[in-house]
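The structure appears right after this line, and notes come after that.
Each chain carries a letter (A, B, C, D and E) given by its place in the written order, and its residues are counted from 1.
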Amino acid sequence: MAGRRARRWHIGVFLAPAVLVYTAIMIVPLLGTLNLSLFARGEEGRVFVGLANFATLFGDPRWSGAFWNALGNNAWFFLIHMLVQNPVGVALAALLSAPRLRMAAFYRTAIFVPTILSFVIVGFVWKLILSPLWGIAPGMLDGIGLRSLFAPWLGREEYALTTLALISVWQFVGIPMMLIYAALLSIPDEVIEAAEIDGITGWSQFRKIKLPLILPAIGIISILTFVGNFNAFDLIYVSQGALAGPDFSTDILGTFLYRTFFGFQLQLGDPHMGAAIATAMFAIILAGVCVYLFGIQRRLRRYQF
Amino acid sequence: MDALTLTQVTKKFGRTQVIDGIDLAVAPGEFCVFVGPSGCGKSTLLRMIAGLEDVTSGQIAIGGRQVTDLPPARREIAMVFQSYALYPHLSVRDNMGLALRQAGTPKAEVLASTDRAADMLSLTALLDRRPADLSGGQRQRVAIGRAIVRRPKLFLFDEPLSNLDAALRVATRIEIARLHRELGATMIYVTHDQVEAMTLAHKIVVLRAGRVEQVGAPMDLYNDPDNRFVAGFIGSPAMNFLDAGALGLRSDSLGVRPEHLAISAQGGTIPGRVSHLERLGGETLSYVQTEAHGLLTVRQFGEHDHAVDGPVWLTPDLERAFHFNAEGQRMRA
Amino acid sequence: QDVTLTIESWRNDDLQIWQDTIIPAFEAANPGIGVVFAPTAPAEYNAILNSKLDAGSAGDLITCRPFDASLELFNSDKLADLTDLAAMENFSDVAKSAWQTDDGASTFCVPLASVIHGFMYNRTAFDELGLEPPATMDEFYTLLDAIQEDGTYIPMAMGSADQWEAATMGYQNIGPTFWKGEEGRRALIAGEQSLTDEGWVEPFRHLARWGAYLGEGFEAQTYPDSQNLFTLGRAAIYPAGSWEIGVFTPQIDGAFEMGAFPPPVMAEGGTCYISDHTDIALGLNAASPNADAARTFLEWVGSAEFATLYANALPGFFSLNSAPVEMEDPLAQEFVGWRESCEPTIRSTYQILSRGTPNLENETWNASANVLAGTETPEDAAARLQEGLASWYEPQQ
Amino acid sequence: MSVARRSMARSIAAHAVLIAYVLIALFPVFVIVINSVKSRRAIFADPLALPTAETFDLVGYHTVLRQGDFLLYFQNSMIVTVASLALVLLFGAMAAFALSEYRFWGNSLMGLYLALGIMIPIRLGTVVILQMMVAGGLVNTLTALVLVYTAQGLPLAVFILSEFMRGVSDDLKNAGRIDGLSEYAIFFRLVLPLVRPAMATVAVFTMIPIWNDLWFPLILAPSEATKTITLGSQVFIGQFVTNWNAVLAALSLAILPVLVMYLIFSRQLIRGITAGAVK
Amino acid sequence: MDALTLTQVTKKFGRTQVIDGIDLAVAPGEFCVFVGPSGCGKSTLLRMIAGLEDVTSGQIAIGGRQVTDLPPARREIAMVFQSYALYPHLSVRDNMGLALRQAGTPKAEVLASTDRAADMLSLTALLDRRPADLSGGQRQRVAIGRAIVRRPKLFLFDEPLSNLDAALRVATRIEIARLHRELGATMIYVTHDQVEAMTLAHKIVVLRAGRVEQVGAPMDLYNDPDNRFVAGFIGSPAMNFLDAGALGLRSDSLGVRPEHLAISAQGGTIPGRVSHLERLGGETLSYVQTEAHGLLTVRQFGEHDHAVDGPVWLTPDLERAFHFNAEGQRMRA
């Protein structure tokens, strides 16, 4: 819309409530916390140490080892979401948006139900299902003659993270599905009809017509997945504990941060190192978001329908 | 074998009957135009032929093949939408070429076809733009280009020229006529433009509230309408309907085309006053308010001037007038 | 009521007991003071408590974790000094040690209870298979082999998924026998022993052997899984803490009989050691506006009356009060009876040694789980722990 | 759109895939629900078995209803969720509109600023937030929770809504401007109704973490009068014992209202609301 | 004071100059029509007047008041969009009534106004439908209704009739003319329909590639075009341009309107063959291919028949022909 308009108070009015609440209750506290990363506990309370905490985080092999381990795990966690959750979400949305699909509302709701559940329940039920002791997963695999494939996935270093990532995918697939579904619905019928007549149907219709038109939504989902995954914490915490076993193989930035910031068991919380980790995480996420906002989103064309 | 056969086709939206038992046969290579007032169901019927709307009942056959239950992609048709329906993310070139590429046509050939179509529709300079950056008329031309590039057996056009300017409209109309001759394709064409209907059609189908009023060659409808509705609908400006009783005739109403009403300031059969004058250069339209017959339109060739609000006399050419009974049916001599 | 005291606690489990038994008893004796027990899920307790204390919205009475977590609160003036509390007389120095400054000068929490480690077993199953509780390690393995042989029962219920189990019920349970309880623990703190010494590696070696006797897929078995395996009668032996008594009794509900034996000794006639761990205490929020009422309450908590009430309401949590406590639960009596025959000690990692980073307790969890699951050798694990400890703990450098 | 268009095979395949996925999605939920009405013994004896006369046991539900005032918790949860949701949607949509509709200096920066919040877990700000609430006398009030959740929900709402608002036809808004609608009227009367599907989506995304949150209720409003249902359920998760019956029962009960809210919102995802706006 | 004044208005999209320094004054109550080929910038100019596009440079004043920087809402205008831009979530009635209700008009009055507009546009039966359930023409009528309900000082119409059928088009055209007379409002109207332009306009502005080619009353443009472009653009079918040299004239090209070319099978000035014949009932168009002048259009009143491909002779009425130089400028006698 037009650029130079005199006195555009309304912009301020539209922005003010959100900016005020958000700044006061989110940004100020968070800045206050991140600020802690420049201090350390000294003899006489808090002392300013500059970037020393970051030097420790990246310089001390114990800290940096844990950090890189968490970052690596996090990257894998994210990768699985990108490779499984989002394509599955898009596929489900595409199926659901088929014209006059019967029971679409039921499917949509059913697929979304896991997203509604609290982490406590998700952690419990999947541990129960995957448990070698109580027989659900082994029994079902037995039923199809694949009992030998069974392993205590959550307890093995090589599988645990992937298993948890897949559980998380199971839980959250409803989110990309909803967003893509909404985006697909906003494509005008006529455009799809034109494609039908042009003989562009099924998969190629999806790839050549719908996909380009929902790219902005896919972009959003990717960045939300990225941000969500690099902030993830709860699922790992409830199912593997703050120590993210076995042997830290499921430790991601969120659990690492939590453990450090708030402490765990005998380990006292260290808000200063915790804030340093949080700042590093924040920098990583911010970098990702900026790449998206300024590199990708600008290039994505949006279409008004 | 007919290129298109409709058998008792009906369509309901909810409880509204939009198409009401239409039978129609279109011969191969024929150019068939649907006309009718806005909302009479032209687009709906076209969409049913395309397979975009279910038929509520009835049968549709294309080229002798039952297609009632076939998806649009398998009906071998091309369609120009009233709302354009361009692919917003593709350039003009890709909008036109997509169907061909989908069908596996070699690249060079696709390029040649799109270039030819772009040339024909004066779109060459716009080939790399996207629909959002085009004007209304330009979009419409792209939509036409997309259809003709594919050269299918059956073309469906939904008011393809309504956003073009006069010059382009004439040019495109002639192009479509040429295309039709060249390809020998069957075309179904919806329009509300008299000139398009009269000039392009082999066969005009006049629709009214979902029913066929009359089918025939343009001049047949013009010269021999079955009823008052068709008579009034075909020909522009529309026919005048005079009160036959007031003229001492035994029919109910008398249809006289505007060009068959003589106008004179000196005298004539029907007195009236000029209420509005439209001077188009090559012709002049006078709207004359009369006591007995209401507002009548008079068309004169060339430039003429009549004082607005001045008294005039009109004289109908009874030889070329049509008689209708009270039900609106034509009373043939 | 004039004053209401709020107790911050991680003991969700005890909510009922506080509400129905303990608080009414206090309120009856002290009109004018009301008490609310407001527990938090244990995993979040430390984080939440610290946040509330920092912001000044925490309750009047604070349930104290042992050693450093509480010491830290005291040092930062979050907990009040309770040294002058009359009831402190009722506790031995050992009992108070977990809630004192390193020099023992100030005490800041009133000790509530300790827990004792040992092994519970399914007596009905033992009878069925004609087995006896073991006295030595060798007998222990013979016993496990026998159960394994028979195949009806999983020999032992333990998993490595929660890590905690392997460390607390495994390493800290049998460990004192090898590092000789307090002797070894103090030597480690003094820097005279290291974690790579035999006494500290040996328990890992045993853990490594246990893997063979655990249920299938024990790597993914959680602590509640283990509890359930045992109480459902599917596992014969359960390396336990005394707190399980109160949990298991109603769950088993007479389906079979439980018994308990202390950690087996190294060889016939060897000294037996038990972990009798000071676990829980109650302190006063230094910022509490109701300090007087809170002190009244704490005096009562330090009384023999409270000790009896608490220990009987929560069998398996043993009073630290010097006054002898009559307990009704036979299994609880059994556990507490070991105090007579064995040398008690506390968990090796709790005092001083978990003050730095890496945190020895957390590392021990991790190492124990790894060793149990067979992903790390006992020697490697011990070496890693030692290296971590030495990295910040001067006496070990 | 047409029946003729859908070949039979395609639609059967679509249903097959969807049903398969629905089974995957619902199976664990099914496990939860059947086990919430079984005795503890029966849960672990055979978690997949349907409750029989022997194993059927409502002890979990009894425990839940006996422990505290669950109706009140429920009401608290409802109030907090609905109020936060309303504020998030309103403020978020307004900000999103400003960002997507107007070009002004600092637009992208403001967008980025408002998005920062999704990049750091708000838990880290707990102490400062709690201090503010203590200072404002808001501890143990639902208002404190509403404020925090509003702030927490805004970034995502702004992010998603502004993306969707960019898709609303300019001609439409312009028609409104010419019709003399103020920018506020354009927002409330034209844009908001048109992005209803997106609003519903955001509502769902916002509501779930609020409903399921344990942290802030524990910190800001743990009192009996302000407990939320999720906080109420966590009494059953203890140090050494977790009362799975009660947890399953409490959380199964807690699913229902969210599910109902979800159903309400998902009705807004009606097909083709914008059809016919422009040709 | 002028109702609308444009002073050196320009517009660039990126680097494309779309409007190129336009000066224009429209008197109060005047009916001004913009015509020009597709993509020449008509809609863009209209949108700038409405305040929907920024001007890149130049000034716009409405009713003597500078509005260049005012938002559309404060320019007191109504507009019909080429794309309709209906509010999809509102019923037809609410679409039309929204602006009034927003302005605080009493309910009863809003109802009366919308009813009147609906009646005028034959929308009464559709008042409770939503845009999605309307045909193309019906949507367009709703868009018109929305504008006229408000009765502002300045109306902007962007091809408002292009989707209406002939009868409705004539009726709506006459309605708009009546409305214009009644309200005394100033109207700016974009169209590519010759008839609309000629009949409605007081003043026609011919645009070409963002520049004004000529401004004037319809008959002035028709009878006295400044250049070949205007001559060719005004009048339908378009003027024929003959090669003046081949006719022994000293100008570069000779413009002859189709109705001023006599056609005869017997003889005449220019030999050719009929390549296409369009019989419209009231008139007949023959397209004649000639050696020297290319394809020429001949318009005859009434019904005529010429053998397609048959030889004919054409004779231009030199009296009524226009002379143009090589640059396309009119050479006035």
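Everything that follows uses one rule, which is that a contact is a pair of C-beta atoms (placed from the backbone, for glycine too) under 8 Å apart; a residue touches a chain by one contact, two chains touch by 3 or more.
All figures in this text were calculated on a predicted structure; none of them were measured in a lab.
Looking at contacts between chains, the pair that accounts for the most C-beta pairs is A-D.
Of all chains, the one whose Cα centroid sits at the greatest distance from that of chain B is C. The most distant chain from chain E, with centres taken as the mean of CA atoms, is C. Inter-chain centre distance (chain A to chain B, centres taken as mean C-alpha positions): 56 Å. Once the centre of each chain is set as its mean CA position, chain C and chain E turn out to be 91 Å apart. Chain C and chain D have CA centres that are 40 Å apart. Multi-chain contact residues of chain D (touching two or more other chains) are listed as 1-3, 5-6, 44, 126-127, 169, 174, 182, 234, 237, 244, 272, 274-275, 277-279. Looking at chain C, one finds that residues 228 touch two or more other chains.
Residue numbers of chain E whose C-beta contacts span two or more other chains: 51-52, 71, 83, 133-134, 136, 163.
The part of chain A that touches chain B in the complex is made up of residues 188, 190-191, 193-201, 204, 208-209, 212-213, 301, 303-305. Interface residues of chain D, counted against chain E in their complex, comprise 169, 171-172, 174-182, 185, 189-190, 193-194, 272-279.
Touching chain C in their complex are the following residues of chain D: 40-41, 44-45, 67, 126-127, 130-131, 133-134, 139, 214-215, 218-219, 222, 234-242, 244. Contact residues on chain C toward chain A in their complex (touch as defined above): 43, 46-47, 50, 65, 67-69, 72, 159-164, 215-222, 225, 228-229, 349-350, 354-355, 357-362, 365-366, 369-370, 373, 375-376, 388, 391. Only residues 13, 35-39, 43, 82-83, 133-138, 141, 159, 162-170, 174, 177, 192-195, 198-199, 218-219, 222-223, 232-238, 257-259, 276, 278-283, 285, 287, 299, 301-303 of chain E touch chain B when the two sit together in their complex.
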